[in-house]
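As written, the chain order gives the labels A, B, C and D, with residue 1 at the start of each chain.
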Amino acid sequence: MEIYLFILFATLAVAAAVGMITSKDTVNSALFLVVNLISVAGIFLLLRAQFLAVIQILVYGGAIMVLFLFVIMLLNLSSEENMISRFSVKYAIAFLLGVVVLSQLLYAIASVTGTLPYVSPEMERVGTVEALGDALFSTYMLPVLVTAILLTAAVVGAILLAQRKFSGKENK
Amino acid sequence: MELYWFLGLSAVLFTIGVIGVLTRKNAIVIFMSAELMLNSVNLSLVSFSAQLGDVHGQILVFFALCVAAAEAAVGLAIIIAIYRNNLTVDVSKIHLLRW
Amino acid sequence: MESANELLTILPVIIIGTAGLLVMMVDAFTENSRTAYWITVLFSAIGLAVSVNSLFGPTGTSFYNMIAYGGTAAFGAVLVMTGTLFSVMLTREYLEKTGRHIAEVYSMMLFATFGMLVLVQSNNLVTLFLGIETMSISLYVLAGLVKDEKKGVEAALKYFLLGAFSTGFLLYGIALLYGASGSTFLVDIAATDEKGLIYWAGVALLLVGFFFKVSAVPFHMWTPDVYQGAPTTITAFMATASKAAGFVAFILVLSRALPDVRAEWSDVIWLFAIFTMVIGNILALVQDNVKRMLAYSSIAHAGYVLIGFAAATGAAYSAILFYLFAYTLMNVGAFGIVAYYEWNKGLDFTEIKNYAGLGYQQPLMGVLMSVFLFSMVGIPPFAGFIGKYRVFAAAIDEGLISLVIVGVLASAASVYYYIRVLVYLYMKEDEGAQVTLVKPGMLYSVTLVILAVLTLYFGINPGSLTDLLLSFKDAAY
Amino acid sequence: MLEQYLPVLILVELAIILAIAFILLSRLLGPNRPASNKLGAYESGMDPIGQARDRYSVSFYIIAMEFIVFDLEVIFIYPWAVRYQEFGEGTLWAMMLFIFILFLGLIYTLKKGSFDWDTEHTATRKPRL
């Protein structure tokens, strides 16, 4: 039963990803990315990472993509369709490079012999919030505080760049 | 379920992201492809964590998500600043500092 | 929870973190940036003092061995703090004189330094990843600091897009290494016995991520544009502190996580070292803009450091640390003087022909510039020579003769574009309107003099520092 | 073992089916006689100026960005809240520090005046009365 769900989510994810990079309108790309994120969240559920699946949808799909759509609206971008130039040699090179990278990765991955173990009860616990909480607030306490500084730096930086008034001239 | 199904899917999504970054000209779509690359790596992290049965992989996905969010906030602020200066987000048009 | 002495192990990180938040609040409540400046300088000086004293402290790991302190990590903190302290001291006068003084520059520089200190002291790929990202995000903002200038904002966008792209590769490398070894701790990765293709793919992607951060050649595309677009003293900060942090983290990862595959990655680095040196120098030769020439010269210096990585012995790592110290001193100085010339005439005053005849106007600046440029070429009495000499000696001990030959030829070629600046400063007559240079502020010239004195001091008797560096056992094996 | 996620699946299917059903039914069953005045965009009696997607002011962006940052703070606090009895005293102070740092970020945003709407020159045009 899981195989069918995996195949469903996988095809949805790949189709959405291809749709994202080929669609003309920026808003369509953003919506395709949201579909991709949700299908990847579905695969997280298959891998028993339930807390991550919810976060993926909540934070990635919910907050980050909203910010993307805000900026696309703010900059009134959809009128930039003409940026998709017709087929050019650049596409061919990029596509070739991509295929080369992909084939090496797939070759490396094919050598992975491990199969997903039958979902043992212990495995069931790994994806839950409790397991994440235990590890997060014991071993990974320092990275949590580093993330706090990272987010504050992002806030200060974003405000500095996005604000209209240029404070350089005021305090001479 | 074989592990390499999941890793293969994440490699395919990663490559689509790479191709997206290299071919598209709109700064926002390039940035979205970079987010897609990060997201595909999250997928392989979760599958490794499921196979190894420990939680470290999922913790790294946790932090990778925060990094992606912080990058989104700063990146879109830069794109807004670019829009104010050059009024275009077409990456090939803004090349003041050439070779 | 962490006992008190565990907190002491990351004292520089705590100091810089609180300083960043404090300066942020000062910016928010009072618009006057002078207090923000002095707080930043004070805390950076304290941070430097603490990290110098931690050089002689014990080595070990703390915070559930997420952090490795002492030894190479402590010297990494010293490198980062030196780069930060001196570039912060230069920033205020430069930004004020060019009418672009933005109070947030100090908090962003402190957050970037926070990221570098975490990166330098990391013993786990998760802290390493978070350190690199905190550093990079603050540097993206710093590159586009002056948002009304097309050059700066465009540099920020280019740096951002390529940075996000390289983060994807770096994270994929970390993921594959985690998959192959079962844990993200550097020591456990070293202990993986069966090295399948996944392991090699992970190592390759990790190298790509690092090569991007230290701007080795095929991944250096962003460096010249970002270094030219950013305000000059911020470029000094980026070129020295962030590159030194990247290299120290590279030492930690290579020596702790991948020691037994040394033969493989040292050959790869051997190749990249040649590319970086040759192409970095060739491109620097053809530059007419001094700031862009310095950007390419920093790529060439990354090439010389990569020679040490190709040798990858204990002596080589200590030679790299010394080289990075000398590199930080001379580069902050050189960019500082370019910034000084810049604010006299306006922002596009960095073309080399504008420098004609300026050497005589402000003799101090001319002399200091020659000190830094001679040190970059690697002329004996200066620290640059000792750094290069030790790196080449370490490489020769390992039998990498051809690499050293390329290195020597590249440095010979670099003589041309460094001395060319001095030729314009002193020999060429200024045919344009006579440029009257404004005397730099007291603090500005004192900072540059300190840098020159340190470059000279560590050139003449480097013994004390080199013995200390050789005594680090954690990176060597 | 996937049974526990069955309700989620059913919920999603139901949502999709209902959404499609509403669109299809209204298109098929509703009266459909298009006329010019009915097709124009309705702006309380006035004729619309500019396209629908007009520019918004930057404060929207800053609010959305703050939303992300505090959304991320929630997903850090959530696992902590679930297990804080088992954790010792230390994690309490660490979490307080975490929340305090992000709170400073909020204070910075407020003091930088990115939330006050009136002084900010909003790009949305005011309808000329």
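Note that a contact is a pair of C-beta atoms (placed from the backbone, for glycine too) under 8 Å apart; a residue touches a chain by one contact, two chains touch by 3 or more.
Owing to the predicted nature of the structure, the values given are computational and were not obtained by experimental measurement.
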item	value
Pair of chains with maximal C-beta contact number	A-B
Approximate Å spacing (C-alpha centroids) for the pair subunit B, subunit C	26
Rounded Å distance, subunit C centre to subunit D centre (Cα mean)	41
Separation of subunit B from subunit D, taking each centre as the mean of its C-alpha atoms, in whole Å	22
Per-residue multi-chain contacts in subunit A, two or more chains	2, 46, 51, 55, 59, 63-64, 67, 71, 74-75, 105, 109, 112, 132, 134, 136, 138, 140-141, 143, 147, 149-162
Multi-chain contact residues (two or more partners), subunit D	58, 61, 65, 68-69, 71-72, 75, 90-91, 94, 101, 104-105, 108, 112
Multi-chain contact residues (two or more partners), subunit C	1-2, 21, 24, 126, 130, 133, 137, 140-141, 144, 147-148, 156, 176, 179
Pairwise touch network: line, ring, star, complete, or other	complete
Of all residues in subunit D, those that touch subunit A in their complex	1-2, 5, 8, 53-56, 58, 60-62, 64-69, 71-73, 75-76, 78-80, 82-83, 86-87, 90-91, 94-95, 97-98, 101-102, 104-105, 108-109, 112, 114, 120-121
Residues of subunit A touching subunit D in the complex	1-2, 5, 45-46, 51, 55, 58-59, 62-64, 66-67, 70-71, 73-76, 78, 119, 124, 129-130, 132-134, 136-138, 141, 144-145, 147-149, 151-152, 154-156, 158-159, 162-164
Sites on subunit D touched by subunit C in the complex	88-91, 93-94, 101, 104-105, 107-108, 111-112
In the complex, subunit D residues that touch subunit B	58, 61, 65, 68-69, 71-72, 75
Subunit C partner contacts - residues on subunit A that touch it in the complex	104-105, 107-109, 111-112, 138-143, 146-147, 149-150, 152-154, 156-157, 160-161, 166-172
